[in-house]
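Take a look at the structures listed below.
Heads up, the next two complexes both have chain A, just with different partners, chain B and then chain C.
Let's look at the complex of A and B:
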């Protein structure tokens, strides 16, 4: 065993590309496992299909946070503050309970955020809780904003509260709150951020026994999370993570389906010969004439765009391909070798001869083809999504690309939207191609360098 | 005569080609007893290999005619279905050391697995038990059991040949057919293999059929000689009779072509070449090249059974 391992590593040393590609592939596999564990399938689907309620805390078209590393003037981050026991003080009165929650944050970006919202989740029996909100600026001003009763699920959109902009009617409410008052006096000038520590103070009065109010304050910046968001405020991370297992499984199944079945069918046809071989050859010739893409488009348009149905169609169309002819030529040679005749003489069954004598002999030819085949199908899935045949439910890399394409991502400068899935696709293709070519050299000694 | 192990009656095997039927095996009759070693001798292309193909039913696709009866002890194997034949007769009762024995090992599985494969196929043995028996037959043919875990390309030609013989013996079949077991081997290895086979014959009372064009190497091993010419058997006789005093003119010429160590003699050859089996001559097929031919040779001679047990297909012995 140790001997085997050491010889294995000895071989690997000769092929650094195998190590590099294995690292990438293992990384992708790890990513897949993480995705499936961290976001269960149902959750991933509902997040990806999610209406605005799910993605209420994220901005549209936000670049990933790490893009700030490359900017001198950092773009504001998106963040949400939640009410909890640390930032809230509760005093119980005779008929009412008063809670004061203070959301304190430092804002020292050069630009303003896109939006600000306060959300409330209230529980009460008969009487509505009463809310009073105040805004405290670093230079000591206090702006009172909203006061009134709230429903059980309530949103106070700061950015739409025009009562805040009476002295600067051209500006947005949240800009007024964060701007240096001096810069607002001149209507023609650009408002400037007053950097420093801000506080949003929420005073909550509840009147029913056991009535509670949870509040949260969201500032929508220009960057969000590790992957950014798309036109529907969805975190692209969901699609990038979940796209990995889908892409790998799709590639793997499609390749197993096509190359391995093709291989076995070629072996069986060659061995039995006669009408079976002839039938396989004729089917192959007919299949070679069938237009692959138009059939997929027709299935997608008229029947279903489910990725698994597409997979089945791809496999069915992919079995009887030109490869069958190449394998057949090689199997014909193997079929007539002496050891096959010997196997026949000792009474090996046909299946035994095919699977124990013919196929193992040519497996070295199959393995590199198999490995190189995987990224081809990963790309095919992405291409189908881009031409509008992507799975309508599942988050995939292709769907992200498709959305980005339809959303004019490159035209509007949302490079991250295109680059993220593209880089993952390229990494996958590169890893499998490197592995395939290296394995080709391992199995085909004639290709080895000196 | 003792119990008959194999009786071949009126066996025909013709191949279909674009020019017509090749009459490779044309009405063969012979019998062999248990514990007998039969040498089938003849030039290349006289139908020796086709004969064993017919006996073992290893037929190519282009069979034209295939008829006759092959009775192994009490079963007429020709009447069995292909599947019954495969499971009950092949290797269980008759095994083959094929002509291209050097290449008859699967290059991608270990020799031990390959040699024990018949046991797995026919007796459903577990791999481990089968390997244990493979080790046994390896000792029998004198190959170190270390080689069980090697691949075919790691073995020398002689070892490969012995591994194949081991494989033929592993199921303890009633009859082992060896198709030119020593061709393509050097003299010393040939001698070694023949000694191995002699030992097996002595110790296991194994019945053999040798196919050979090399009269010298088989002379020690065979009990009886069968001479084939152009799809016919022309002489059947005991080894002693045959090697010392062959009767059929073809056999005589064949023996005269074998070099001997001590006696200086001019080696003889037979002018011309065997007739095409596509369209063999009527009458005696050897007539054209025969040095003792006479008028009768225009008609095909029957097999004449002589008093001393010989059978000769020649008008001279009428």
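Let's look at the complex of A and C:
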């Protein structure tokens, strides 16, 4: 047993690419499982199709946070602070309850954030809660901002509150709040950030019994999360994660559908010969010449862009390909070999001969082609997405790439938007291709010398 | 007196031509069916009739003083009559053959929104205008990949086991990614970051006035698509051909030639390249079939104004006649390139001339 294992590892050691590519593929499988567990299908779809309400706490076109590692002047992070028992103090009065919530944060970036918002979720019966907001700066100034009643779901857009910019009308409100007052005096100069600890203080007065107000304060920076965001504020992580199982399954199904069916049909055709073989040959010759992609495009445009319909069409058009001719030549040799003769002599049925004796004999040829075939379909899905025929519902790598391309990511410098899906596609494609090429050498020793 | 070899060659070519024509017909016929399962081809015909009738009524002074409602009724009657004449109210199978003929001759009527550069709305003109643009780029790309592939493979098979040779084996899997994918990286590097080459398109704006200027501008725009094409297709082409040449260079007759003391160049040309050439040409035909279709997306990414980009635009505008027309023209393109390679095959494979096809 140990001898067998050591010889197996001995063989593997000869092919470091097998180990490397297997590690990548296992990683992708793990990522897929994580994606499916962490974000259930329905949630992934609704997040990806999400309107502005879902992605209200994220900025548009934000680069991933880790890009800051490569910058000398760090770009401001995006963060949200929530009211909780730690940052809020509640005092119950005679006919009202007063809560003071303090959101304290340190801001020491060189650049200003893009936007700031305060959101309220209030519960009340008759009287609206009353809110007063103040802004405390590191140099001890106190700026009073919004005061007034709020609805059950209320948004105070700080960045649109022009009452804050009366002394610096050319600047945006949130810039004025974070700027060094000295740098604002000269209207021609660029405002500079006053680094230090800021506090947003919210005083809430509620009047009904059991009335509560939850608040949250969001600063929209230039970077967000692990993957960044796109033009619709969506966290790209959703699509990058969910794109993994979709890409793997699409590639796997399409390859299983085409290569295995091709293989079996070639075996059956060769075994029976005659008109069946001739028919398979003729169908293959015609099918080879069909403009595969334009037909796929036609189906996508006229019927449905669903990834599963595409899969079916790809399989149907992908069965009778050039591979069938190659397999046929090999099966012809197998058909005439002595052990098949022996099987015939003992009266084995046609199906038994095909599936027990002919097909297993050539499986070593099939395995590498099967693995090499996967990337082609993974990229085909992305290709379809790039020409605008991606699945309308599912988040896929191809869709991200297509959005990025349509959104001019390359012109406008949002490189992360293109590179993230591209790197994942490349990793998947290379891993399977490398594994396939290496397996080809293991299974077909004829190539080993070459 | 015609030599029997020429006769055989002519017969072979004619047979292949007919076979390919039949294949194109079947392909286009299938496309007509797919398109008309949602009634799209019928709709093209209907809108053509409506337009034609509308034109003839507007142009005829007889109808000018007629009340609009009467005129409309007359027009509807006329449309009805023409619909019946074309059999649009009957089962599809009868019409499908008419459509096949229309599609094969590219008489697909007029497009709704798209038009050619010369302003024509005729689908045939729109398609034929784009054809040379695609041919220039991808003809160059494919010939470049083919010849570079063969030469590099020969070179490597001569230096079997060298660092370069092993490198070519190692990079073969990079061909898993299609050209457009490498195109995105190339655009990022050369257009976005370095800014030395254009993002896409075919000519600078404003278009250079001289012919030479236009040619240079076009060359500049072709660099990135060609590079992308080579990055994606060259590695695998070199790998398969190298392996192929190596297998053939270990044949006995090559050993004999070596023993005779022939120069390695001669051996390569006469004993390795010559017998493998027919197979290489056949392989090239298969590559071309995929290559023409790969052009669709590559053109889209590089905004190259050829057939592929046209198809992309037609999808966006839901321009049915152009989409169907593209399928037809791609079917022709595949068939014609395979036919040309078949002729070359017949010229270089002695078996065709000797008439040994049947002895498989």
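In this text, the second predicted complex is superposed on the first by the 444 of 450 C-alpha atoms of A that agree within 3 Å, B and C clash if a C-alpha of one lies under 4 Å from a C-alpha of the other, contacts with A are read in each partner's own complex, and residues count from 1 in each chain.
Convention: a residue touches a chain if its C-beta (ideal position, glycine included) is under 8 Å from a C-beta of that chain, and two chains touch if they have at least 3 such contacts.
All figures in this text were calculated on a predicted structure; none of them were measured in a lab.
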> Which holds for A:261: it touches chain B only (first), chain C only (second), both, or neither?
Replying inline: neither
>> Quick check for you: in the superposed arrangement, does A:339 touch first (chain B), second (chain C), both or neither?
In response: first
>> On the A-aligned overlay, A:316 touches which partner chain: chain B = first, chain C = second, or both, or neither?
In response: neither
>> Tell me which touches more residues of chain A here: chain C or chain B.
In response: C
> A:136 contacts which: chain B (first), chain C (second), both, neither?
Replying inline: neither
>> Applying the document's definition of touch, where does A:365 land relative to chain B and chain C: first, second, both, or neither?
In response: neither
>> Quick check on the superposed pair: does A:348 touch chain B, chain C, both, or neither? Answer first, second, both or neither.
In response: first
>> Using the touch definition from the top, list the residues of chain B that touch chain A in their complex.
In response: 56, 58, 61, 86-87, 89-92, 95-96, 98-109, 117-118, 121-122, 164, 167
>> Quick check on the complex: what are the chain C residues that touch chain A?
In response: 19-20, 23-24, 26-27, 30-31, 34-35, 37-38, 40, 160, 169, 172-178, 180-181, 184-185, 187-188, 191-192, 199, 243, 246-247, 286, 289, 292-294, 296-297, 300-301, 311-312, 315-316, 318, 320, 323-324, 326-327, 330-331, 333-335, 338
> Within the complex, which stretch of chain A touches chain C?
Replying inline: 285-286, 288-295, 297-303, 322, 372, 375-376, 379, 382-383, 386-389, 401, 405, 410-411, 413, 415, 418-419, 422, 425-426, 429-430, 432-434, 436-437, 447, 450
> Touching chain B in the complex: which residues of chain A?
Replying inline: 273-274, 337-339, 341-349, 352, 356-357, 360-361, 363
